[in-house]
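Structure first, then comments.
Letters A, B, C and D mark the chains in the order given here, with residues in each chain numbered from 1 onward.
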Amino acid sequence: MAAKAKIGVLGASGYTGSELVRLLLRHPNVEIALLTADRRAGHAMGDVFAQFAPFDLPTLQSIDGIDWARAGLDLIFCALPHATTQLVIKALLAAAPATKVVDLSADFRLDDPASYARWYGHEHQAPELQREAVYGLSEMYRDEIRKARLVANPGCYTSCAQLAVTPLLKAGAIETDGIVIDAKSGMTGAGRAAKEEMLFSEVSEGFNAYGVGHHRHMSELDQEFSKAAGQEVIVSFTPHLVPMNRGILSTIYVRGSRGTSPEDLHAILSRNYAGEPFVHVLPFGKTPQTRHVRGSNMTFIGVVKDRVPGRAIVIAALDNLVKGASGQAVQNMNMMMGWPETTGLDQVALVP
Amino acid sequence: MAAKAKIGVLGASGYTGSELVRLLLRHPNVEIALLTADRRAGHAMGDVFAQFAPFDLPTLQSIDGIDWARAGLDLIFCALPHATTQLVIKALLAAAPATKVVDLSADFRLDDPASYARWYGHEHQAPELQREAVYGLSEMYRDEIRKARLVANPGCYTSCAQLAVTPLLKAGAIETDGIVIDAKSGMTGAGRAAKEEMLFSEVSEGFNAYGVGHHRHMSELDQEFSKAAGQEVIVSFTPHLVPMNRGILSTIYVRGSRGTSPEDLHAILSRNYAGEPFVHVLPFGKTPQTRHVRGSNMTFIGVVKDRVPGRAIVIAALDNLVKGASGQAVQNMNMMMGWPETTGLDQVALVP
Amino acid sequence: MAAKAKIGVLGASGYTGSELVRLLLRHPNVEIALLTADRRAGHAMGDVFAQFAPFDLPTLQSIDGIDWARAGLDLIFCALPHATTQLVIKALLAAAPATKVVDLSADFRLDDPASYARWYGHEHQAPELQREAVYGLSEMYRDEIRKARLVANPGCYTSCAQLAVTPLLKAGAIETDGIVIDAKSGMTGAGRAAKEEMLFSEVSEGFNAYGVGHHRHMSELDQEFSKAAGQEVIVSFTPHLVPMNRGILSTIYVRGSRGTSPEDLHAILSRNYAGEPFVHVLPFGKTPQTRHVRGSNMTFIGVVKDRVPGRAIVIAALDNLVKGASGQAVQNMNMMMGWPETTGLDQVALVP
Amino acid sequence: MAAKAKIGVLGASGYTGSELVRLLLRHPNVEIALLTADRRAGHAMGDVFAQFAPFDLPTLQSIDGIDWARAGLDLIFCALPHATTQLVIKALLAAAPATKVVDLSADFRLDDPASYARWYGHEHQAPELQREAVYGLSEMYRDEIRKARLVANPGCYTSCAQLAVTPLLKAGAIETDGIVIDAKSGMTGAGRAAKEEMLFSEVSEGFNAYGVGHHRHMSELDQEFSKAAGQEVIVSFTPHLVPMNRGILSTIYVRGSRGTSPEDLHAILSRNYAGEPFVHVLPFGKTPQTRHVRGSNMTFIGVVKDRVPGRAIVIAALDNLVKGASGQAVQNMNMMMGWPETTGLDQVALVP
């Protein structure tokens, strides 16, 4: 077999970072050559997450000291916070222009500098890279991702919604106004920052919406849905937190356009995903559960006829840490490196 | 103090039954004089739920042997399964016409015999009582409940939705088409039957919708919303199961009618519930969580402006076992017995 | 009715503080006259815990500005962190010597200044109050508590263990060496500090021991068990964290002394607690669950014969926030104020 | 590559059965050729657990109709209920004597027919196979397993306890009396039968012991511990249920014999497991958590010095469905088939 590709993970002490390490440890084509975690620099990965103690992994280091050119990495996953990310990637691609990057932050997801500035409150610090970056939802941008140096991995909520809705918009099969996306996520989607409202005793035995009316993920949805529909699409979107670790379920309310029936919508999605390894459309009338995909890179989609004439309910489920983040990132790596798209992503969902 | 009223609870071994006992044990005006549980007849309540072992309670008995006239009960709570209920209540009111009844099943919630037959698949067995029964959402039917002999306690999902939406429909403030109610419930709403899909390991760490497109609770919503609006209203409604015990949160998507703003909707709800002891409208833009009401008879309602022009998101939360079932039932009892409406319902929500 | 007693709660924004407010809001003899929370001074209690938004409560204030003499409080609950507490109570009792205090910290639980210094690493700052303080486990020190000005509310783990073991030691019924106490607690026992290891996603779906071999609660156990036995008793004690909010269950392994059988141990406990309102001894061979006492001030105790000859397993369960903290504190207040001991403590455990 | 081995799973609709399928789907040397589930015969595996819907798997069939000789299976995993199992395996080995069997029930774990009859209340129905069967804890019986036709996979509780204690007993390093094993398990250990006490709302937010003083697993512990010590060893063992899906944690209290220190015990375990791929001994004083091994075949063991002189606390954690059942079974298959022991068992524990 050929030499393994040398891979780095920036931000390995968060949840998407550790999920990347979990997946990469079992990926046959890669060697984990670099791990960073600024606050835990000098520690072993097994000190941060004892799960990794039995494995041989590089010591965590600080980003500051790294000589990107000498590191000689083939590909870097960047799981750093928003805004920091664009500066780090700018510096690393300047020093090591042949290194490929899959970025898991929101920094390179929006095409339009003005839209970025409006939603994030400041000018982008690497606008030329923003132009170069390819939006990394594999099922939608396969050709571009294969040729890309910098891929912007999509958000977990938006991946789930796009996989369900985008093919319907592209087909002109649903009305573009009045779409309602009611999304529910496990707690890992909120990251690993030590905040009071994320404590077990604040979360357990409760359920709530958050960011109602103004969640940042909406900008990404607007961009992709409008592209798909060929006209501006603005949806109602409400995220909620479920007392569980992993999983997103989106309940999506749509109206068929010009006589398109719920059965037609199901047929469109079924056809569209017939050959896709990581999207599974259920039989008409069946609905997915987050536990059906937990720990796997699968997305499950169901379509049901609403009793209100002309309306359908589309439900999609994925694991926010896998298909919604790190699994999608590995899928992008596979495509960027010219490997089979499913390599290292054959985990079967946990039961139970 | 006057003699305590003699109260019975039929179906005490289920979750709404046990919640009734929990509330009644601390109600100053009542004596729990009768408890039934057919499958556990002859056992102590503390054998079924050890929580009650320290308290002095009647032995559980079978319904069959009861002489309703001799029992001399002032009021009976009926927490029996659908369909059985109408036969039991028919018999007991025939034998003891002066006994008042609060029924927690769905049997007497629908006014229209034809609607009942359509949704439940058989003719009603006590149509004259169906006519007599008063729909028991206290905030909506106070005058009727006070005079009623038989009150049909509303469903948990429908109570939550009605408290948020009905005043808006009555005021003509929202469009009657395109209303979406995305509802999430804790597991106690599914009852205590030993089914595989209710096992801890099937529920924990997952989230799902169920009954999509055809849940029976919809008939009750149709009836009450259409009455409130003065025209037929059919909403999109999807129930979901949250891995927690108690709580319902409904996320409701509405469009203001004729220029009505989200702020106007908030003002209508605030005014409507200003004097209500068990409905609390949050400041505009704030949203409730199920944990804010857990263990209490409160409903919390919030209104937020959607970014889609003209649309608002209304979120309501209650404890499905208290305001959604047994607490509402006690509130109805208080009104039927001429006691202050809040008697015995002063539990503060658990934190945490 | 007489005027209500004026009560203060110091540290109202933590879990034991908020639980005190929950209980006091429904206590017929008290008025909540003062609430402090340094980091949230100036806010309403309902801003910190929306559960309290519907209630009329004093604005949170900082401890620093309070004139204890003018405040004219009858009794203060102190739910502040260790070490801070002794300074605050020293100052407040100097300024308002007639105010009674129930302290929920560990500051006044140890009698012996040397033991305090050894376990906590510094000299006690209020040794004269340490001498005055009465150890507040109601079932053990009823007479002293009734006359006390300053009561040291016991720890949650230690209350659970003492209620099960102390009567057996007093009776000389068990061997004093080789006692093993394996204790499991819900997460609220760890408090409300925003620490990474307390995040939902770090706690959910897992179980672990902590502080193995050296937990501070052991000093309190040593003191009370040695007093009870009339000789030094040092037990093996391991605390664990359960992914739930409330509850402690202690599984205790003992050997009967001089032919004392497990049945004898059960008889001793049953006799000892026959008249106690908040301790319930189950029939021999039955074991308690934390859910049997959740939200209530009850302790449930069971005794089982081990298959190893001469050995018994004693299991005790209580709600760490109620009988293990705030409920016990209210029970102490009732005794210090000369009220019936059960006043305001009649909450029935939640089912479910 | 050589042809894949043909594998059957009897009882595929339970939790250990489905976990076997999850692991076998990604095992490079096997083909899943047969799946049985009597109550679900004729259905697809994806109908029982939607997680498997995307995979190509044999239709579930009833055991009754199977011609074992014609089936031509290389190895069968038997995940059937106790007692049924011995009859099924007797029949299948009579018909297909060359097929190897890994049995996950308790039927073949006890060597001694009298002990079996005493604990299970009836004579063994296949005593000659009971003699033939090898006890399948890989780390203890590697040589025997490699040559075995019938392997009795050990129980989850007992595996966890044995991996921690057996090497200490073999070394004569701990006293054989007074050993206390306090074990805590996730709910999947209780299986998938629809029982009231396993419902989410009966389990969530609570913790309890069960089978106190008389759990059947004890017979297996007695057998293996006594063999290891060369004398009869009877331990105190109490199982508990944790509101989580997967994981067992055993807290084990021991006394070093003849001056053996806790550090010595740690050294014995470290040496013993130095080369083992699936047992990881933590540094002295560190303790494992169930989440460190969730979804993986690892066992983590920690040793801590107790403050009681001469005593140590040993804590072991494993995933009851993997190393405690199906992963151990695959490890046994690998050894029986002459494959590398770790094949198909490289799953990294989930974080989080």
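Please note the rule applied: a contact is a pair of C-beta atoms (placed from the backbone, for glycine too) under 8 Å apart; a residue touches a chain by one contact, two chains touch by 3 or more.
Just so you know, these numbers come straight off a predicted model, no measurement behind them.
Peer 1: For the pairs B-C and A-B, output the one whose chains share more C-beta pairs in contact.
Peer 2: If we tally the contacting C-beta pairs, A-B comes out ahead.
Peer 1: So which chain is the furthest away from chain A, centre to centre on CA atoms?
Peer 2: C
Peer 1: How big is the gap, in whole Å, between where the Cα atoms of chain B centre and where those of chain C centre?
Peer 2: Between these chains, centre-to-centre, one finds 36 Å.
Peer 1: How many angstrom lie between the centres of chain A and chain B, each centre taken as the mean Cα position?
Peer 2: 40
Peer 1: I need the residues of chain D touching at least two other chains; which ones are they?
Peer 2: 15, 186, 188, 201-202, 204-205, 243-246, 288-289, 291, 352
Peer 1: Once bound in the complex, which stretches of chain D touch chain B?
Peer 2: Touching chain B from chain D are residues 15, 186-188, 192, 194-196, 198-205, 243-245.
Peer 1: In the complex formed with chain C, which residues of chain B make contact?
Peer 2: 15, 18-19, 21-22, 25-26, 49-55, 188, 204-205, 245-246, 280, 282, 288-289, 291-293, 295-296, 298, 300, 346-352
Peer 1: Contact residues on chain C for chain D in the complex?
Peer 2: 178, 180, 182, 184, 186, 201-202, 204-210, 212-214, 218, 234-236, 238, 240, 242-247, 249, 251, 253, 287-291, 294, 304-308, 311, 313, 315, 317, 352
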